[in-house]
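Can you keep this structure in mind? I'll have questions shortly.
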Amino acid sequence: MTAILPAKSLADRLTTLFWRKPKLLLALLITPPLLWLGVIYLGSLAALLLQSFYSIDEFSGMVVREFTLKTYGELLRPQNYDIILRTLTMSAAVTIGSVILAFPIAYYAARYARGRWKAVFYLGIMLPLWSSYLVKVYAWKLILAKEGIITWAATKTHTNFLLDAALALPGIGGNSLSTSYIGMFLVFTYVWLPFMILPMQASLERVPTSMLEASQDLGATRAQTFRTVIVPLALPGIIAGSIFTFSLTMGDYIIPQIVGNSANFIGMAVYQLQGTAGNTPLAAAFAVIPIVIMLIYLSLAKRAGAFDAL
Amino acid sequence: MTKTHKAATTAALLASLATAITPAFAEMTEVGASEGQVNIVAWPGYIERGETDKAYDWVTKFEAESGCKVNVKTANTSDEMVALMNEGGFDLVTASGDASLRLVAGKRVQAVNTALIPSWSKIDPRLQDAKWFTVDGVHYGTPYLWGPNVLMYNTDVFKEAPKSWNIVFEKMDLPDGKSNEGRVQAYDGPIHIADAAQYLMFHKPELKITSPYELNEDQYKAALDLLREQRKLVSRYWHDAYIQMDDFKNEGVVASGSWPFQVGLLQSEKLPIASTIPEEGATGWADTTMLAADAANPNCAYKWMEHTLNSNLQSDLSVWFGGNPVVPAACTDKSGMQTAEGCTANGLDNFDKIRFWTTPTANCAQGEGACVPYYRWVSDYIGVIGGR
Amino acid sequence: MPAAVEFRSVSRHFGPASAPIKAVDGVDLTIAEGAFFAMLGPSGSGKTTCLRLISGFESPTAGEICIFGENVSNTPPHLRNVNTVFQDYALFPHMNVRDNVAYGLMVKGMAKAQRYAKAEEMLALVHLDAYGNRKPGQLSGGQRQRVALARALVNEPKVLLLDEPLGALDLKLREAMQDELKSLQQRLGITFVFVTHDQHEALSMADSLAVFNDGKIAQIGTPAEIYAQPKTRFVADFVGSSNVLPPMLTQSLGGPAKWSSLRPETLHLDPTGALQGIVTSLRYLGSGHRIALTAQGQDIAAILPTGTPLPEPGQEIRLGFTPDALHIMDEA
Amino acid sequence: MRSDPNAAPLSLKIAAIGGLLFLHLPILLIFLYAFTTEERTYAFPPPGVTLKWFAAAWERPDIWQALTLSLQVATAATLLALILGTLISAAMAQARFFGREQISLLIILPIALPGVITGMSLRSAFGLMDIPFSTLTIILGHATFCIVIVYNNAVARFRRLSGGVLEASADLGANAFQTFRYILLPNLGTALLAGGMLAFALSFDEVIVTTFTAGQQATLPIWMLEELIRPRQRPVTNVVAMVVFAATFFPILLAYYLTRNGSETAGAGK
């Protein structure tokens, strides 16, 4: 027997080729996904962005294919500026709300739930993710309606005054929960909550119990341990989750149509301007906002190591 | 499969291929074999196959007779219809006046050869050459249904029909003693600016509005100001007929501009709902079945257009949706459920008083570029709803 | 008869050509057939890269590698008739021990019954015949190491490469395995090339070894040669624990003005000895005592056998040595 | 206070269980209205209980069509995502190369950007390439954002899989394809299965991107959207939602046990 074995099959020869040219294998692996994501997806994103530098002719309403920054200027018009501000505020509020609601669930599931309870928590978090988003949103409409379940429950428990007080809040209140920002916030938080819990739980699970014990051993109170050990270690998960909650809220156009007071959100504006109003340049300019925000967000998240927690 | 059947299928296939390849520039000269299907963009409630109520079905029989399966995609606003037609893939669209001319100008629809529609002559003469689908004497479709945008109200709150649209435009106490804040709605489409303009036409003659669709800057500004006041009363705009019905049921809404369609459905559910046309008059819609420029199934499309003029369909449709048939005979010939009284109630005789939806353009009766064009209506109405 | 492994001016550089990291830099090396050859050096010295060059997981940037006279520079790992025992054993976690051992035979297309028979034979050789059905996760470190060995040997390689094969084992097990490996190699007559940073292991097991430093071979020779006659300061320092003396000190001890090495065990107390210094500490080693002292500003260690009277720290002593114990190095 | 460190504080327990209830009460409501006798106003509490909507749903051909299409789309999109996601995770695990960081960002982009943007971009791309909207375009759209799910699962497993075993396989004489078949695939298997199931779920419930990439076809969520906006038999939507929910219970449980065992194996080496 010699030192070199013969190549018996095509597979052997191909392997030899890959070995000699490791870049070739890499190229073969990466070309199909890159063609799809890099060329078609990015290409179409670029095409979309390009449109934002076009404008709409004032008289005919036709798209003028000449470079201009006029459309971006339009974003600063009060009604459009309002939309952006309103959307970002809602996205931030939903993200914060999700973090607060998600933390106890994720922490309990990661640290205390054992055996069957662990499975219960897993299913409890995953199942809502699998049940139709639309049906859930419509269920909320029933819950929040003026003559809906919350009002019913408040009447039964004689707590109407609380509901009325909430609805009387300036800015976020309204005629009924289903036409107020409070209601919209509740629905958004509800539908995106699992997207926050899952990464948060994943990163909390990576915190070794010994580290918590060490912290307590060193005399830290629960609050100190929480603040100085748990939160920093959970942070990548929180950031990863916030990518979803923030982005999903920012782009959603179905919930603001069904719940809320008909005021526009970025997702709705993009959808309507592009689809129904034929003002593609402005739609594209609107679309640039979430893209830029998410790109900044992602690069910061990457630096914080949040991608591993996704 | 028999041999002849196979040959027929092949022929149909070739025919459809031919039409797919050659753009349908030329008018059709004859209606050929069925392509097997027809794709239609329609308003909700316009094309019924008995799924909601078995009595209202004008599709099943057509499908059996023509061999054309009817696929319907519903749209809630005219803008949505235009967008869907721009995307393509549809043969027909039931376009309102504020969409029809945009579709013609955008070359999304093609001229219709009325000679291939035997029932054409039965169409209401007032509609046969209506300007919202007839350009330079060429017809771009067949009329389908017309009607007013009515004021829908809750009869528990309004013992008598409201006389004016002011209950949805101005802050006031309603007959039950409570404010109208949060209890009225308005349409979530820029065309609602025309409703405001029409209200001003009646109450502020000094603005000299002649048509709610042709507004100069001052008139337009006045309409927007009125709508801004309305914004304070409206907790949610209605975008969708069924959601509006929900809001009347569950959200305490008692008055809103609406379509006879919602009124009819809510009444059929025994809810305390009625409608009226107040003293200011009403805007309205006159809808046309238009043929897409690149229709893949023109033969079935022509068959459908002929079918829509059938007086039985017109009769049932006008009852179901709450509008007026474009074939006047349908009101009286008892071919369906419509009656002469029903047509009168739907405003058959008010044809001249209804200001039909048309697309606002910059060039109008007030002069070249004198009017505010539609795309501004779109962005400004977004602003109004956003509280600006 | 060609050498088992031959390196001809082999280099392996990483990084950009303008500022390369020279992991292996112009190495010439010949390993005779049937040798038990050790590559010794600190981490980052290039010894592991050399092993990976033989197995084919690295390709030389320059030079060529021959195995039994055949240039394998263009042959991928799976076609080289050499096998490796990996440092972390790299057992396949989803296969049981038998399947792990039979893997090489399976991919070559050997029938199931036959390859299992051979696998069992190999497992018997490493005393694991009862463990065929276990998963690697259920084995101890020593057992895994032997599975890795069996898995490599079942292919009857011409050269067996071992990458720090005993590094993960505790001391006692390591010593037992050293013996086992040595006797296995002698029985099978296969060329073993193993990489280690442990000089004891290298000295005790290898019949020849190469000491690596900075991508280059500092010295090749038998363990005795390397130990007794280090060519450079580095070798002297790294192999065993030698006192490396600067030229000045060498000269004062009667040698030339060159670097020299003096093994601690060659020193003994001698009132007339040439090396004079002050004791700084004493440490008991079991077999004797290690004495640290400072002589002419230089730290010197000496090992005194048990029974010798011991000095106290702070005491000035003199040490003597036989003349040939002072090894003069080539390095200036 | 030094209580048992392995027992959760009561407040945490309450908050966690309260959170879970918040996630599930609306779903219970959906179930409740699948049985209501009153379909028009959806008053609460429902006046009566009936099973007729299950029969009604069973007999609706449009549901079956939508369900079939959704299953087809989700299956195809998941397979595509599995292939592309595995390829890219293999490439990313294999080597450091120029642009690697950018690629990892690119993979996440379709899911990190709002669906309306992904949908719009794809729509314009399909338009430019003259690809007619069809089942295929829905699948391509879904696969785009499913890749990241598979990728994340696979790349995590690659990271845990000691690089040595792939080299060991080659060292023992296996060519690249044998290594893939005998070593890589069995080790990635559960990660891919779990990733695939998540991707399937995501595709099955996707509505925003789908509205942009679908032609005349209605997937189940699109059907639901139509049905919720223009209800014919409103409780039927609830029936469908409930059945889908129930049908996914066991696959999720399965995925849980699969990935859990996967991490146990990996942990055993420590």
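Lettered A, B, C and D in written order, each chain numbered from 1.
The definition used in the following text is that a residue touches a chain if its C-beta (ideal position, glycine included) is under 8 Å from a C-beta of that chain, and two chains touch if they have at least 3 such contacts.
Keep in mind it's a predicted model, so treat the numbers as computed, not measured.
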item	value
Intersection of the contact lists for chain A and chain C	D
C-D compared against B-D, more contacting pairs	C-D
For chain C paired with chain D, centre-to-centre distance based on mean C-alpha positions, whole Å	52
Chain B and chain D, separation of their C-alpha mean positions in angstrom	39
Centre-to-centre distance between chain C and chain B (centres being mean Cα positions), rounded to whole Å	89
Averaged-CA centre spacing for the pair chain D and chain A, given as whole angstrom	15
Contacts with 2+ other chains: residues of chain C	56, 76-79, 82
Per-residue multi-chain contacts in chain B, two or more chains	243, 249-250
Chain D, residues touching no fewer than two other chains	42, 170, 173, 175, 178
Pairwise chain contacts, counting only pairs that touch as defined	A-B, A-C, A-D, B-D, C-D
Residues of chain C defined as touching chain A within the complex	56, 67-70, 72, 74-82, 156, 158-159
In the complex, chain D residues that touch chain B	40-42, 132-133, 215-216, 226, 229-232
Chain C-touching residues of chain D, taken from the complex the two chains share	162, 164-165, 167-175, 178, 182-183, 186-187, 265-266, 268-269
Residue ranges of chain C touching chain D (in the complex, touch as defined)	55-57, 76-79, 82-84, 86-94, 103-104, 106-108, 137, 151-152, 155
Residue numbers on chain A that touch chain C, as the complex places them	1-7, 12, 15-16, 18-20
